[in-house]
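The first chain written gets the first letter, and so on, giving A, B and C; residue counts start at 1 in each chain.
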Amino acid sequence: MEQIITCINCPVGCRMTVALNDQGEVVSVSGNTCARGEKYARQECTLPLRMITAVIPCENSEIPLSVKTAEPVPKHLISAVMNQLKKVKVAAPVKLGQVILPNVCETGVDIIATRPLS
Amino acid sequence: MQNTDILIIGGGVVGCALARELSRYTAAVDVLERGWDLAEGASKANSGIVHAGYDAVPGSLKAKYNVEGANLYPSLCAQLGVPYRQCGALVVGFSEEDRTVLQELLERGIANGVPGLRIIERDEALSLEPNLNPEVCCALLVPTSGIVSPYELTFALADDAALNGVSFHFGAEVKSVARNADGSFLVKTDREEWTCSVLVNCAGSSSAELHNQLCPEKKKIIHRRGQYYLLDRPARLPFERTIFQCPSSMGKGVLVSPTVHGNVLLGPSAEDIADPLDTETTQTGLDFVLDRVRLTWPGVSVRTNITNFSGIRAHEEGGDFIIGAVPGCPGAYETVGIESPGLSSAPAIGRALSRIIANDRSLARKERTVPFPVPAIPFREMTPAQREQALKENPLYGNIICRCEVVTEAEIVAAAHRPVPARSIDAVKRRTRAGMGRCQGGFCSPRVAAILSRETGIPLLEITKNGGDSYLLTGTLTEKAERRKHS
Amino acid sequence: MNREHVDILIIGAGPAGLAAAIAAREDGIESLLVLEREASPGGILRQCIHNGFGLHRFKEELTGPEYAQRDIDRALELGIPIECGTTVLSVSPDRVVTCVSQARGLRFIEAGAVILAMGCRERPRGALCTPGTRCAGIYSAGTAQRFVNLEGFMPGQKVVILGSGDIGLIMARRMTLQGAKVLACVEIMPFSSGLNRNIVQCLNDYDIPLYLSHTVTNISGRERLESVTVAAVDEHRRPIPGTEMVFECDTLLLSVGLIPENELSEGAGVRISPATSGAVVTDTFETSVPGIFACGNVLHVHDLVDFVSDESFRAGHAAAAFIRSSAAPSAWIDVMDGNGVRGTVPQKIQTNPAQPVQIMFRPSAVFRNASAVISCGKKELLRRKAMIFTPGEMVACTLKPEAFEGLDGSEPIRVAIEEKPQEQR
């Protein structure tokens, strides 16, 4: 099986062809012009990862709290993570980097605050 | 069932001018407006010109009220704090045929009593207005032509009326009018019913429909749409005066004019349409305007365009205004077919019609009227000393909400508490200019919405752009807003 | 009316203003003041909650608020006064700044130097002359972003996005993640000016179609938006009849360009470049008015905040040097846009600069396997090859002071791209 992937690392935007075997393992990558491209293609075809950022309403604060996943999480979990975030209650004060929701969706990744709110 | 003495249908500039005049008499006056603010029809979307009065045929009502109205403008606007400027106008001609038309306009103007008219030749025209097409051959110079902010005039007239007891009712579209056995009128809107002893039709584009419910002799309004470009305030105005082209049967032609706020207005097109509420702009209409403007101003560029809009003129087939008592229908009065020069004429129409009604109904003048407050100077126009004084009295002048037009929180708060208060983003915009500038509210509209919500108690989710279902927001991040149709 | 005095006054506490202030303070300028119209510092980054900031400067990927916080913390550490809720009303050519705030009223501040760091604003619908009705539900992408990320409200549920700049793409994902349906992203050009990463992660991830060479030709809805018409455009960007598609939607987001916010600059008599819509500046970011400097998006619209910070640090150092020394350069070399180049900054370089000079410009089209060439007469100052130059990515080239040896200003420096464009802009 082959998959076509546009590289996101730079504006060249190489169109890469990734060959996969029946087990879904990457056999080869072509069309890339640098090593970063190959690395991205391999990851994207096996387990695509995404950072998720969002805001959560925050008590005692005029603006909501902006948060992110501390690390990228599997792409297929985006909507599950967003659903979890809907249930989170938070109140100021909050420190930058404070863990708001540990181990979101059993990913081992925490949701952390990206701004301080006093 | 609501009851009043005099019910005015239509909260445009004519209805409000009349309401203000009638507020000086001992009678209960109410105004029904189908829109969610004043000046929602042609009154907000026109060229904003106070015509000198050379265009209308001598002896017509248009000629009479135009000249009378234009004469009332300077003192009226000064008293009400409405931006108005007698910038003058040129009607430009490009051929000998045009010269004949200009000559005719000159003669009409003289017959109508317009002062200072004169035909000038190419060189003088170009020295007065250097950006004019050099192919101009002659022009009619009109020193008394003026410009005004038409909606701000309407708001001020209504505020004055409201201070003197007139009530305004919005979202009140008249569905039917009938006569009760006692000679009073029964007026049904989609929300409530009214009885009144005097009914006045100031319904603009719907004035013929209303007339036809009251009178067997039918009238017909042709809805003539005009589209415009409004350009950003240039460092230097391209034209000091309003520049008209020679008029045709479809109207006064496409003009280029400064506005009272220093913008440049291009338009209008002229297209007859079926639906009087169809105020959309079209590519064809906008292209037409630009194409025609090039004749006047070859160097025109719409790169600095900040908005396009259109307005609908109520052209009555007979060609003239219809003003006075409705024939065969005692107690009913009307203003039908008030197209250009309707804005120029409105103060005179209000005055004349109020006198007719007061005379017919033997209304007494009130002994005392509530004086109109001294108009507040906009912060952007204040001197440093005036600004310091204003800030001392109200620190909210220190919060600049609209960066483009330099509008302060104090002024937005004031708009929400005027006698006829602002209740929507557009209502605030037209009263304060917040959102009128080059970013078109991109920066200030969330801030205006928050202030409006705080001042009026309307929840933020219910704040609208312009009333009705023109909601700004559809919900919070977690919940969609429940929406009920306005009833 | 009392006048205050500061050595350096900075207008705007976004990334540009903060960086300029930090640099000036680090150079020992004690008397400086930053004025900010919002209630807190950080500028537009406050609402850019997505990640992708800081890769160049911090070698890590931050969200907008995190990036801003680093500069805010540093500024506070240095004791830099930032007055929020304060709007500058005017700047005079002799550097008297008039500002107003609720807390302190009207003030007049004489500044030894002024740094303009007001940022940019979004082009509104009017700039496009798109016909149709004037209903609710039409927002610039940044306004929508503010509603969602700073106020916690949704501006719509069924969305079409006009323009594929990064803010539009980011908002496509943001609205989708909050439960809205984004029906289409429409781009009049044959290519997107957004990053590939944003096309993939903001559109493709959510199956949002991108219509290149299309535009919105009509807007309809009497009160709230009801639908937009989208049509293909020809090579002159004119709609092609018969290609219309109607999208029923309640929201149209516009991401159709940014314009430096230069009202104050113009009021001060600062010359504005038609190519950048920002001030014409020297290699020390001084505008045509002595002692008035400009940096960040008010000077020219950047793609990356990292470059805004970098430029603004240099502007802050330059303003500090201006305060210290009265010696003005005597001879200048003009810098001109050559083939394939638009909006080069700076537009003037002193003949013997003391510091390295960064030249920034935007390609006017997509060029593949081309070279950026900076030359003066027959002398080539710099040649840089790249696999791709695109209008969506600003190019920055640094010239060492030695590169200017022998130049006397009699001939301009020309910045050009050598190679034929493959996709005409």
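The working rule: contacts are C-beta pairs under 8 Å (C-beta built on N, C-alpha and C of every residue); 3 or more make two chains touch, one makes a residue touch a chain.
Remember, predicted model here, so these are calculated numbers, not experimental data.
**Q** Counting C-beta pairs in contact, does A-C beat A-B or the other way around?
**A** Of the two interfaces, A-C and A-B, more C-beta pairs touch across A-C.
**Q** Of the chains shown, whose Cα mean is nearest the mean of all protein Cα atoms?
**A** Centre-most chain by C-alpha means: C.
**Q** Looking at C-alpha means, what's the farthest chain from chain B?
**A** A
**Q** I'd like the Å distance between the centres of chain B and chain C, where a centre is the mean of that chain's Cα atoms.
**A** 39
**Q** Centroid of chain A to centroid of chain C, CA atoms only: how many Å?
**A** 27
**Q** Let me have the rounded angstrom distance from the C-alpha centre of chain A over to the C-alpha centre of chain B, please.
**A** The separation of the two C-alpha centroids amounts to 54 Å.
**Q** So which stretches of chain B touch two or more other chains?
**A** As it turns out, chain B has residues touching two or more other chains at 476-477.
**Q** Considering chain A alone, which of its residues make contact with at least two other chains?
**A** 55, 57, 64
**Q** Mind pulling the chain C residues that touch 2 or more other chains?
**A** Residues 148, 151-152.
**Q** Once bound in the complex, which stretches of chain B touch chain A?
**A** Spelled out, the residues of chain B in touch with chain A are 476-478.
**Q** Which of the residues in chain B come into contact with chain C in the complex?
**A** 229-230, 235, 277, 279-283, 285-286, 302, 305-309, 384, 387-388, 391-392, 395-400, 403-404, 406, 409, 438-443, 445-446, 450, 460-461, 464-477, 480
**Q** Residues of chain C touching chain A in their complex?
**A** 39, 46, 49-51, 61-63, 65-66, 69, 148-152, 177, 195-197, 199-201, 205, 387-388, 390, 392-393
**Q** Spell out the part of chain A that touches chain B in their complex, as residue ranges.
**A** Listed in rising order, the residues are 55, 57, 64, 86.
**Q** Taking the touch rule as given, give the residues of chain C at its contact with chain B in the complex, in rising order.
**A** For this pair, the touching residues of chain C are 1, 37, 85, 87, 89, 98, 100-106, 121-122, 124-127, 129, 131-136, 139-140, 142-143, 146-148, 151-157, 178, 217-220, 222-224, 239, 250-251, 261, 263, 266.
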